[in-house]
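I've put the structures underneath this note.
Here subunit A shows up in two complexes: once beside subunit B, once beside subunit C.
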Partner chain A sequence: MNETTWHSILFWIMALIACGSAVLVVLTSNIVRMAAWLLVSLSAVAGLFFLMGADFVGAAQLLIYVGGTLVLLIFGVMLTASGPLANLTTPSRDWLIAAIVGSSLMILLILTLTNPGIDWSTDSLSENLEAPSGKTTMSIGLALLGIRENPNASSYLLPFEIASVHLLVVLIGAAYLARAKRRSDPPTPT
Partner chain B sequence: MEYLTEQTSPTLTDFFLNLDLPPSLTYLLVAVIAALLLLHFMALGALFWIWLERKVSGRIQDRLGPTRVGGRFGWLQTLADGLKLITKEDLIPEEADRPLFRLAPYIVFASSFCAFIALPFSGSKEAPEPIAWIANNLDIGIFFVLAVLSLEVIGVVLAGYASGSKWALFGGMREAAQVVSYEVPMAICVVIPVMLAGSMNMAEMGHQQEGWIGQWYLFHDPFSFLAFWVYLTCATASVKRAPFDLAEAESELVAGFHTEYSGIRWSYFFMAEYASMFLVSGIAAILFLGAWNGPIPVAEILGLEAHLIGRILGLVNFLFKGFLLVFAMMWIRWTLPRLRIDQVMQTCLKYLLPMACGLFLGATVWQLFDIPDYWGWIAIVVIVAAGYYLPYFSGKPTSTTS
Partner chain C sequence: MTPIGLSPYLTVGAVLFVAGVVCMATKRNAVGILMGVELVLNAANLNFVAFNRFGKLGLDGQMFALFVIVLAAAEAAVALAIVLNFYNNHYTIDVDHGEQLHG
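After this line comes the complex of A and B, so read on.
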């Protein structure tokens, strides 16, 4: 039993927690409990990222999804929790749509896994992938600025710029919506 | 084995590697010992800080009680308090959402604890190779700490919701609004030292500030000097200490988010609060105040930097800086009155956020041009003098006149 074994044990624990709590998010009807299960699921996914040496992605997952999105979600839920949203039951129509989407993703994954053209053995994978080192920040940062160590790899300068402009637009839009409303109709003569 | 030496606590790992144990056992032992050390630091630290808080409040506000009870220097009072909290009945209100009510204190405590994993306590650049006393030397250290600290608010919000009490709900909602807003200027201030160091690794930042006091990032340029004070304000708010303790404003909300908690669950909230206070102070020490390097490099002068004594000196330095900033937070708490919630949000969004953005731009421009060091020192002296003398000329009565 060496550290690789430890890694696979931890991987299975985290993967089971992530999947199990994701199922519980769907099965729970109380919306705040749903958020709590979502917290467990997202944190376990972050743990998986850390386990695989993708420190930056793991911390970003914690900061953005758990610390940001989930807090806003709970905050919004708490403002509305006394109303009709406190208990959610999924209508049967939504079950159908979810089943179609979920099973098509499942079929896609199964087709990929059973594709004879791809060799899933560890040796062939490690040839193509760099070993996880935990020091991914520098290469991620450089790739976002369009610099790659491997000249054939694609860089992410254009998506990065598009995302930043998009975020700026969203920010301006939010400020516009939240601005102090001025009366636009002229004062009626008395 | 490569993973062990690169990632986990180097000093601890070296010790166990020399014992020639099986690798799986080494892996487990290093992790358990590092975790236990940090847990004890949090728990014993909380005992000390609660004692200190009583003493400081007693001296500052002329409260006679805390200066008299509890044996020599009042050391027994905290122990008695701890004993009381452990044996006290753990009440859960009828209206509460029971599982969430039980879970919330652990979320707060666990997120505070996890952040300690990436905090270096001492280190040295010279020892055969750069070394740091740190549980896990993450390459993204400061980013990880900020990410994990942002989870603490979820526990507080859940506690507020699950209590089934309107006071707790209000406290939790205020906390969510406050922490989410203050995270932004705090993170921007943290980016400034990250930019100066060119690394997010906290041990690396400590190594770069080695030497005399002028090497500290606080004195690197006028912008980083000002960023330290903005960071400290945001940090005080992000660990919900007065004057920003709106989540537990006892004059309006009974006790805010922990109104319904009692006994050991209540004390988890407080252990986490004091631990987070030390954590943000420790981050300030590492980012701006030279980490474990003292103002005078004593260890280097005596030629001890590669020796264990040098690292113990570093540990003392780091703890002293952290404790000094915790003391300053208590000093502020017992001196200033609490702000209103709208004033808290205004301070963040109208003042601290633009200041942090401006300082970040300034620090970037300063890095871009090759400005001689003495200009930085002159600017810092001018800023300090202006801060001291401006109240005299502004025509408003101030408290600094005495």
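After this line comes the complex of A and C, so read on.
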């Protein structure tokens, strides 16, 4: 088996895991199990990033999304899901509306993908210059400092600085919003 | 076997996006709605990296994916703080009970 066959097999395995666990996130009503399926889905998408040669983005997905954001969400679940709140069931009327909206959106997206007027074929596009080598870390780091191999490409120094200030603002804002306050009236024990 | 092209990746992104939208629409738990947002952002990321791989963008798609990851982490932190405040004020996590601003 050559490299292309392995690539295809790995793609279908990762795609099935990602889509299947994303659907299970929707269908599960227990919030803790939803978090577990979301973990599987995000990890499979990180595998897809590695398959596309985006090694730095895949590693960042694993570190920040799976390691950071999801742990944050699980902390939120642990702080709030007490007793009956862990299983909030959706009324069937909402399921009906959501199924109609979701299926029509899916049909729209698939129709757009299979539209013969749009040329999605990759033969004319496959000669990418710098991306698919699988060694993108140095290029990304240099681009974040404003240095690009192609002098016409855009620099990312200013967005990088804005993101750092934004993270500081988020840190202060989240700590201010979530600080421990004295409750006005204690909850009735159930 | 033909090599995997662009449209299978876009199909996976579409499935993730629809799953996220339906998750946002149906869940009553506020943290569940946050998980739907994460799925939608992840689908957008997948499309960015796929167009980066199969297009002539150079590295720009991957840079956008990185910024989306950073923004998603920040959004999760702030939204979780808001959810904790909501829980402290209402003693529930059900978003259907947040109706003080109803007209």
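Just so we're on the same page, the second predicted complex is superposed on the first by the 134 of 190 C-alpha atoms of A that agree within 3 Å, B and C clash if a C-alpha of one lies under 4 Å from a C-alpha of the other, contacts with A are read in each partner's own complex, and residues count from 1 in each chain.
Definition applied: contacts are C-beta pairs under 8 Å (C-beta built on N, C-alpha and C of every residue); 3 or more make two chains touch, one makes a residue touch a chain.
Quick caveat: nothing in here was measured; it's all calculated off a predicted structure.
A.B. asks: Tell me which partner A:Ala18 touches in the superposition: subunit B (first), subunit C (second), both or neither.
C.D. replies: Only subunit C is touched by A:Ala18; subunit B is not.
A.B. asks: Which partner, subunit B or subunit C, is in contact with more residues of subunit A?
C.D. replies: Partner with more touched residues of subunit A: C.
A.B. asks: In the overlaid three-chain picture, which partner chain does A:Gly102 touch, first (subunit B) or second (subunit C), both, or neither?
C.D. replies: Once the two structures are laid over each other on A, A:Gly102 reaches subunit C alone.
A.B. asks: Would you check which partner chain A:Ala174 touches, where first means subunit B only, second means subunit C only, and both and neither mean what they say?
C.D. replies: So A:Ala174 only meets subunit C here.
A.B. asks: With both complexes superposed on chain A, which partner does A:Thr5 reach: first (subunit B), second (subunit C), both or neither?
C.D. replies: A:Thr5 sits against subunit B and subunit C alike.
A.B. asks: Where on subunit A do the contacts from subunit B and from subunit C line up?
C.D. replies: On subunit A, the residues that contact subunit B in one structure and subunit C in the other are 5, 56, 60, 68, 70, 72, 75, 79, 81, 136.
A.B. asks: Could you please specify the touching residues of subunit C with respect to subunit A in the complex?
C.D. replies: Touching subunit A: residues 1-12, 14-23, 25-32, 34-36, 38-39, 42, 45-46, 49-50, 52-63, 65-67, 69-74, 76-78, 80-85, 87-88, 91-94 of subunit C.
A.B. asks: Tell me, which parts of subunit A touch subunit C in their complex?
C.D. replies: Those residues of subunit A that touch subunit C are 4-5, 7-8, 11, 15, 18-19, 22-23, 25-26, 31, 34-35, 38, 41-42, 45, 48-49, 52-54, 56-57, 60-61, 64-65, 68-70, 72-73, 75-77, 79-81, 85, 88-90, 94-95, 97-99, 101-102, 105-106, 109-110, 113, 120-122, 125-132, 136, 139-140, 143-144, 148, 150, 153-154, 156, 159, 163, 166-167, 170-171, 173-175, 177-178, 181, 183, 187.
A.B. asks: Could you pull out which subunit B residues touch subunit A in their complex?
C.D. replies: 1, 3-4, 6-7, 22-24, 27-28, 97, 99-100, 103, 107, 138-140, 143-144, 146-148, 150-151, 153-154, 157-158, 160-162, 169, 172-173, 176-177, 179-180, 183, 200
A.B. asks: What does subunit A use to touch subunit B in their complex?
C.D. replies: Going through subunit A, the ones touching subunit B are 1-3, 5-6, 30, 32-33, 36, 39, 43, 55-56, 59-60, 62-63, 66-68, 70-72, 74-75, 78-79, 81, 133-137.
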